[in-house]
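Should a chain be cited, it is by its letter among A, B, C, D, E and F, assigned in written order, with residues numbered from 1 in that chain.
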Amino acid sequence: MKNYPYPMLQRPNFIWERHTDQTSDIKVHEWIGTARESVPDFSEYDVTILGAPLSKSSISTSAASENPDAMREAWKSFGTYNLDEDIDLSQLKAIDLGNVKQHVTDIAYSQQKTREAMAAMRSHHPHTLPITMGGDHSITAELVKGWKEAHPEETIGILQLDTHFDLRSLDELGPANGTPIRNLIESGTVEGKHVHNIGLQGFFNAKELKDYADEVGLNYTTLKQARKKGIDVVIHEALTQLDKQVDTIYLTVDMDVLDIIHGPATPAAAPGGMYSAELFEAVQIAGEHSRVKAMDIVCLDPRKDVGQITVKNAVYTMLSFLVGYCKKR
Amino acid sequence: MKNYPYPMLQRPNFIWERHTDQTSDIKVHEWIGTARESVPDFSEYDVTILGAPLSKSSISTSAASENPDAMREAWKSFGTYNLDEDIDLSQLKAIDLGNVKQHVTDIAYSQQKTREAMAAMRSHHPHTLPITMGGDHSITAELVKGWKEAHPEETIGILQLDTHFDLRSLDELGPANGTPIRNLIESGTVEGKHVHNIGLQGFFNAKELKDYADEVGLNYTTLKQARKKGIDVVIHEALTQLDKQVDTIYLTVDMDVLDIIHGPATPAAAPGGMYSAELFEAVQIAGEHSRVKAMDIVCLDPRKDVGQITVKNAVYTMLSFLVGYCKKR
Amino acid sequence: MKNYPYPMLQRPNFIWERHTDQTSDIKVHEWIGTARESVPDFSEYDVTILGAPLSKSSISTSAASENPDAMREAWKSFGTYNLDEDIDLSQLKAIDLGNVKQHVTDIAYSQQKTREAMAAMRSHHPHTLPITMGGDHSITAELVKGWKEAHPEETIGILQLDTHFDLRSLDELGPANGTPIRNLIESGTVEGKHVHNIGLQGFFNAKELKDYADEVGLNYTTLKQARKKGIDVVIHEALTQLDKQVDTIYLTVDMDVLDIIHGPATPAAAPGGMYSAELFEAVQIAGEHSRVKAMDIVCLDPRKDVGQITVKNAVYTMLSFLVGYCKKR
Amino acid sequence: MKNYPYPMLQRPNFIWERHTDQTSDIKVHEWIGTARESVPDFSEYDVTILGAPLSKSSISTSAASENPDAMREAWKSFGTYNLDEDIDLSQLKAIDLGNVKQHVTDIAYSQQKTREAMAAMRSHHPHTLPITMGGDHSITAELVKGWKEAHPEETIGILQLDTHFDLRSLDELGPANGTPIRNLIESGTVEGKHVHNIGLQGFFNAKELKDYADEVGLNYTTLKQARKKGIDVVIHEALTQLDKQVDTIYLTVDMDVLDIIHGPATPAAAPGGMYSAELFEAVQIAGEHSRVKAMDIVCLDPRKDVGQITVKNAVYTMLSFLVGYCKKR
Amino acid sequence: MKNYPYPMLQRPNFIWERHTDQTSDIKVHEWIGTARESVPDFSEYDVTILGAPLSKSSISTSAASENPDAMREAWKSFGTYNLDEDIDLSQLKAIDLGNVKQHVTDIAYSQQKTREAMAAMRSHHPHTLPITMGGDHSITAELVKGWKEAHPEETIGILQLDTHFDLRSLDELGPANGTPIRNLIESGTVEGKHVHNIGLQGFFNAKELKDYADEVGLNYTTLKQARKKGIDVVIHEALTQLDKQVDTIYLTVDMDVLDIIHGPATPAAAPGGMYSAELFEAVQIAGEHSRVKAMDIVCLDPRKDVGQITVKNAVYTMLSFLVGYCKKR
Amino acid sequence: MKNYPYPMLQRPNFIWERHTDQTSDIKVHEWIGTARESVPDFSEYDVTILGAPLSKSSISTSAASENPDAMREAWKSFGTYNLDEDIDLSQLKAIDLGNVKQHVTDIAYSQQKTREAMAAMRSHHPHTLPITMGGDHSITAELVKGWKEAHPEETIGILQLDTHFDLRSLDELGPANGTPIRNLIESGTVEGKHVHNIGLQGFFNAKELKDYADEVGLNYTTLKQARKKGIDVVIHEALTQLDKQVDTIYLTVDMDVLDIIHGPATPAAAPGGMYSAELFEAVQIAGEHSRVKAMDIVCLDPRKDVGQITVKNAVYTMLSFLVGYCKKR
C-alpha cells in the first residue's frame, strides 16, 4: 500500500477492477472503505480508466460531464472475451480511478486539475496505459499538456478521429471544445505536422480552418478519401509516418466522427459520418501500434442518447482499442 | 369445419388472414364470433402465424411478450407484393392462430403450452409452415421439442442467426433466454453438430461458451468471418451441410443479431452487429431451401423500440423469409 | 464484526449508509471489499433498506425489478433535513442491505428468498425498522409471512394504500401482484378484518372482489370517501382501530394509488387517484404510530417513468414515513 | 337481423360489446365476419360508440384521427364496475359501430359522412345514447346538425366543457376545430343563448370572441368563476336553465379543457386548466340529467400523449358520464 | 426595389440569406420590416428556398407541414464550406421566400397557391433555381404544373428518388401524397416515359401500380438493381436518357426513400431503404446536370423525428444538391 | 431614432413587439435590418424582455441557456387577452431586446455582461419594466447588482418564490445557481431581512442553510405554512412588510418552486412543490404592487421538458405577472 498520490481526483464513487470472468460483474476494489487514504501499488496495473467530466467548456450546452458514469453503467453489459480475435481482456489489470475534481463556476480550475491528473499519473505510474473518458474535447489539450509536463523530453503526435478540425480561434472561444488542437499547436506542445486528423466531412468546417491546417502542415484525410483508400490503410499510413517522427502517439476519438445514426448523442451529431464498424477497426489498429500510449473518448452527451446507442458505441470503441493493445503484447 | 384442436391457445383476439390486395387490410376470419368452437380445415393453409408471448424467462426484464401484437400492428404498413422479386405473398394462404396461453406466475406452464402448440400443429396440419413470433429465446427450445414430439423419427438441425451462443448453463438459469440451444443439446433433441450459428460478434459471449461449443461440435461463424466470405455464401454452406445430415432445418432469428441501429429494441442490443439488409438476404436464402420448415423470431421487446425500427425490421424479416418460401414453390 | 447472516441476499453492489450532512453524498460502507464476509453489528442500526427486485410475478410486464436501484439513484438528489418539520433524518442510522437474490426462471425461489430475508432480519436484528423497495406487490405477501415466521406469536395488521384490493384469485394467477392480500388471508397470516385499504377508486376493481372483501370483513375506504372525511382523519381512524387489535401494523404502499400525473410509472397507472401531497401526509402519520413497524413500496416500473416523477415520489414517500418515525422517537 | 343501415361507416375493424365481467375483455360481436351485411336489432342497445376520425380540419396539425382507436386500446385497462357509486356499467348494452368513412383530400366529404352517421343513427335507433370519439371539434357541428336532421322539431342546447369559445370566423377558417359553435349558431341549428360554455380560462381567447359571445347571448363561466361557485353548482345551474328551454342537451367535451398536466395530448394543451377530478364530476352530473342525450369527446391527439395520461383521462371521462347515465335509470 | 410579386406567400417570418462565412449565422434581409411591400431585384439571386407546408393531403396523418421550419432550424448547424469538394456554397446568392399560404379546411386552395407560387417565380425570376421544402408529395404535382404554366412550351422530365411509385388512383384519393406522378401523367403535364423512379423496394407498392407503370412506360430501378449497377451509374443513365428527351428535369426526393435508420421521420418509414451516403451522392450528381433546374424534398414529418436524424439528412441532401450545382457553374 | 445603447447584447435574432390582436402573431420590429445600429426611443416602451442565457454556472448540467428561445417559441401559442380579468396585455408596449452576450469558457464575463445589461437599461430607460428570462439563478445576483449600480441610492428587497434558499457558500461554488441570495447579502447589495422566500419545502435544503437564514434575518415561509394561511395572504404580507422598508421589490421566480408535475424541466425538479395555479396567483398579486419593478424567471432547462409543460407554465407565469401590472395602472 502506498499513500494516495491523486489529490486532484474526487473521492471515487465507483472504483473497481474489471473481472476476468464473463459475468461482466464488477469486483469492488478493497481500497474503497476505511482504507481510502492509501492505494495499492499502481505499478501492477496495465490500464487506468479516468473520468474527466468537464463540459462547461462546450460551445453548445453539453452534459458530456455525465459521460464517464454513463460509460461505466453501459460497460456492465459487455463481457471481456472477444470472440473474433479470441482475446480475453481480463488478461489486463485495469483500474478505474474515478473522476477529476471539478469546480462549479471556475472552468480553468477544472482544466488544471485534468492536466495535473495526467501529469501525476505519468510521474507515479509511467508504465500504465491511461484511457480518459471525457468530457468535451477541451480536455484533450489538458491531457496532452499534462503528459508533456511529465515527459518534457518527448515529442508527441496526435491521431485524431473527428468530424472537425478543432482548430478554432482561442481568442474567440478560449480553451473550448472547438480549439484543443490549435491550443496544443499554439502552446508549442505539439507540432501541426505531427497531427493526423481522419474522418473530416460535410459542411462542418469553415474554409478558414482548412487554410490554417494547411498553414501549419497538419495532416488530414476526409472520410471520402479514407474510404477510397481503405480506412485501415489510412490509419496504418498515419501511424507509420508518426512512428518516425514522434515518441508518443496520443489517440483522441471525438464521438461526433460517427454518423448520427451511430452517434446521436454528440452535440454536433450529423449525417455523413463514419460507421461504427469503421471506427472499431481504426482504433483496434491504433491499439496495436507500440507508440500509441494513451487514448481519450470525448464529446458524448449521454442525455441526448437514443437507446444507449452512442454510449455503447463508446464502450465498444474503448474495448476494441484494448483488443489491439492485447494483440501487441 | 372441424372442432377446435388447440386448447392451449388463448381465445384469439386477432385471428385473420392476410389479404391478397395491396391495401394491407385485414379480412377478419369467419370463425371469430359465435362459431369460435370450430375452425376451417387447416389443411388448406400454407402458413400459420403463432404468437408465443413469454418473456418472464428473460435474464433481464423484457416485454417481448408484447412483440406478437406489436408485429401484427406493424404488419399493417406492409403490402404483400415484393417488387424486387416480382412475387406476391398473397398466393400463400396464411392464418394467424393467436397466442399461446400464458400463466402469470408459472413459467414452466407457459413453456409447456408452447411446446404443445407446436406438437398439435404438426399433428393436425403437418403440411403447414409454422412461423412463431416470440417471446424470448427460451421458446425456441420448446418449439423444437414440440416438433420432435410430433415427429420423433426426424433429425432436426438448427440455423441460428444470433449475437450469442445461447449455451449458458441450465443449472444456473433454468430454461431461460440464454440457454435454449444448450437445452436442446443436453435434452438430446438436437445434436451440437447440427447447429449452425451465424452472426456472433463482439464482447457478448464468454470464453467458456466458446469452449462448450467446440466441445459439442457446434458450428459457428462470426459476423466478421461471414462478411469476408459473403453472408450468402456462409448461409448456403450451412444449409448444404445440414441438407445431408438432417430431415428438418429450423430457422431461429434472435433479433439481437442486428446492430443496435437496426434493432434498438432487444434486451441485449449492441453495436457491431448485422445490418438489416444482410439479415433479409440471409433469411430469404433460408426460405428457399426445401428442408427449412419452420421459423421463429425472438427477443424483441417493443417497449424499447425507437420509431418502430426493430418491429418493422422483424416484419420485413418474416416477409423476406416467405418470399424465399414462395420462390421455392 | 459478525459473520454475514444473510445468505439470501445478492453480493451487494451498493451498500452504503446515508450521510448525516446535507450533501446527499453516500458513505460507502467498509464491509464492501475484502471484508465482505463479515458485517458490522446491526443492532446499532435504526433502519434497514432492502431491495426485493421481483416483478416476473406481475400480471402485465413490469420492470419493477429495477426500482430498488432507481430509487437509490434518485435518492441522491434528496438531503436529510426536512425544513417543514425541522427534523434531520441523519439522526437515524440506516443501512442498505442490497437486494434479495433472484432466479431467472423460478419465481417461487425468488419469493422464498424474499420471505427468508425478512425472517432473518427479524431474527438477527429485531429492533431495526425494515423498509423494502419492491418489486411488485406479490412481495408483500412474502415479507409479511417472513415477519410471521420470525414472530409467530404476533398478530399482524395491514395498512394498505392502493387503487386495488389485490384480492384476486390465487387459483387463477398464483402468487402474483394481484393476489397478495388474499394470499395472506387465505394462508391465515392476516385476518381480513385486520386489513385497512385506503385509496380505492374508479373502474379498477371487479364487483366480485368487493364482495370477497365484504365477506372477509376487510375494511376499505374509497378515495372519495377519504377526501370527504379528510385523509388524515381516515388514516388516524384505521390506526386507532388496528392499535387495539394487532401487535404490528405493516404499511404497504402500492404506488399506483397515485393519480397517473404523479405516478405514470406503475403498470396500472390511472387517472382519478391520490395526489402525492395526500400520500406524503398519510405515510408520515403512519410513521408516527408506534405499532407501524415495517413498510414497503411496490409496483413502480421505472422504465415507464417520465422525468423521474414516480421514482422521486417514491423516495419522498419513504422519507416522509421516516420523518414520522423520527417524530415518534 | 336487419340490413346494415350505415353505409357511411367504414368496414369496422373493431366491433365489440363490452363484457359485463371485470376482466376488461372484449366479446367480439357475431356480425363481424360473413354476416357483415346485416346487423342485430339495434333497438336492444342502450349505447352506441362511434369514432369520427377527422382531424384534417384542425388549425394546427393533429392526429386526433387516431384517437378513437387509442381510446379503444386504453379502454382495455378499465373494468366496468365503479366502486364509489357501486354501479356496474355492464348493465348497459353498448356497441361500438366503428368509424365514420373518411376521404384523404376532401374534408367536406368526411364531415358530411359524420353528419349522415348521426342522422342515420337517430332515425334507425332513436332510443340509443350515442357517444362519439373525435376527431377534432369540427365534428360537433356535424353531429349536432345530423341530430337536427333526424329530429327537425327538437330544440337543441349545448353544454360545452372547453378552454375555448370555438367561435372563430367561418370565413377565415371554414368548418375547422375553432368554429363549431359559431357554425351551429350561424346555421340556425342552435341558438347562442342555448349554449353554456364552462371552463374558459387564461390567454387563449381573443377579445373579439368574447364580444361575439356576448352579442349572441351565449352563456359562459370561466374556470375561476366556476371554482368559486363550485363546479357541481355551475353544471347544475346550466342544466336547470337548459331544461326549461330545450328538448335535447348535447354534451361536448374538448379535452383541452384539462390542465396540460392532465391533458398533454391536445393540440392546444395549456396550463391553468381544469383538473381531471373536476371534469369527471362535471360529466357524471351531466349524465344524470334526463335531457342530456348525446356526448362527444374531441381534440385529443394521442401522438402527443405522455404515458397515456390524456387517453386514459378521456376513457375515464366517458365512463364517468355513463355512471351518471346509469344512476338516472 | 420592386413591388412584391408573391401574393400567394404568407408574410414571411424568416426571410434571410445564407451568410458566406462559416458561422452558420443568418443575415436577416433588409426587406423584413417597414419596407415589406417591396423586394430586391430577384434576378440577382441564384437560388430561392420555398416552404410548401401542406400535409393535410397525406394518406396518414403527417406534420410535414412543419418541415420547412424544422429544416430552417436544423440548417443553422451546417456551414457553407464543403471540405470534400473544396466548394463554398456562399458563392451562391440564396434567399428564403418563406411559406406558401395555406387554408385550414380547403386543401384545394393550398394546392392552388403552391402551383401559383412556382408559376410566379418562374415568370418573374426565370434564372433562379427553386428549391422547395415540403409538405407531402402532393405538392410535387402542383409545383411541376406551376412550372408548366410558366413555360408551357417546355417538355418536363422527372427524376424521382422514392420508395413508392406514387401512382395510386386519383379517383380514390384525390390529389394526395400517393398520387402526384399519376396526377402529372393523367393531366398531360409529364409523360410516363419521362419519369425515372430510383429506389423502389420491399413490400410497399402494390402489383397494380407496377402494372400501371409498365403500361405508361415509366422507368424504374429498384434499390437492389441500382446497387448492383452502382447508384451513380444508374443516376447518370437516367439523366443521359432524359437529356435527349426533355428541356427541364425536375428532381423530387421523397425522404422515405431512406432506410428507417436514416429517416425515421417519414410517415411511411421502412427498413430496406437507401443509405444517406447513397442519397447524397445521387443528388450531387443530379445537381451537376445542366437540365436539372428544380428540386423538392417531401414527406418529412419532423414530429416523428429521433434526434433530428431525418431533418439533418434533409438539409444535407439539399446542400449536396447545391454542391453539385456549384460544380456545374 | 437613437444610437444603440446596448453593446453587451448579442445581435438580436428575434426582436419583436407583441401584437395587440389575438392571432399571437409577431410584428417584426423595423430596427432589424439595415437600421440595426439605431433603436427607437425606448422611453415609449412599458416592458422590456431580456434573455440571460447563462447556465454554465449551474451545479448540475443545465440547458437553461436555451430557455429564452424556448419561452419565445411557446409564447406564440398564447394570446394577449385575459378573459378572467378582462384585461388585454396589448395595451402594454413591450419589446424583446434579445439575449445578453455570452462567452464559451469565461463565466465571469457572461455574468458581467448580464449586470451591465440591467445597469444600462435602468440608465437609459428608467421607466420601463424589465423582465428577464434566465438562465440559471446566478443571474439574479447580477441583475440586482446591475439595478443597484444604476440606482445606488435605492434600497432593494427581494420576493423569492423557490424551493431552495440559494444561500450556499460562495467559497465552495462561486457565483453559481445555489448562491445568488447569499451573494447579494454578502456583497451588501441586499439585506437579509429584505428577502422573503416563499415556497421552501421537502428535503432540499440543508440545516446549515436554515441556520444561516436565521442568522441574517431572512424571512421565509414554507409551502405548508403558506397553504395554511393562504398563499395570497402570505404574498400580501410580504409585500406590505417590504413596502415599508425598501424602494424597489425585485421578484425572482425559480421554476423549481413548482411540483415536478408542473415543472419537470428544472434541474432540481421534485415532488411536494407548488401548484401552477398557486404560482400564477402569487405573481399576479406581486405584479399589482407598485414597488415590484422587475421580475425574472430562472432555472428552466427546456431540454428536460415533457410536452412543453414547464415552458408553457413559465410563459403563463410571466403573463400573469403582466396582468397584475396592468391592473395596477
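Heads up, the rule we're going with is that contacts are C-beta pairs under 8 Å (C-beta built on N, C-alpha and C of every residue); 3 or more make two chains touch, one makes a residue touch a chain.
None of these values were measured; they are calculated from a predicted model.
Relative to chain B, the chain whose mean Cα position lies farthest away is F.
Although chain A and chain E carry the same sequence, what matters here is overlap: shared residue numbers make up under half of all numbers found at their interface.
Judged by contacting C-beta pairs, the busier of the interfaces A-B and A-F is A-B. Between chain C and chain D, the centres computed from C-alpha atoms are 41 Å apart.
Each of the following residues of chain C touches two or more other chains: 261, 306. By the touch criterion stated above, chain B contacts chain C in their complex at residues 55-59, 61-63, 65-66, 103-107, 138, 173-176, 178, 303. Within the complex, the chain D residues that touch chain C are 21-23, 77-84, 88-89, 261-262, 276-277, 280, 306-309, 312-313, 316, 319. Looking at the complex, you find that chain E touches chain B at residues 200-210, 222-225, 259-261, 264-265, 268-272, 304, 306.
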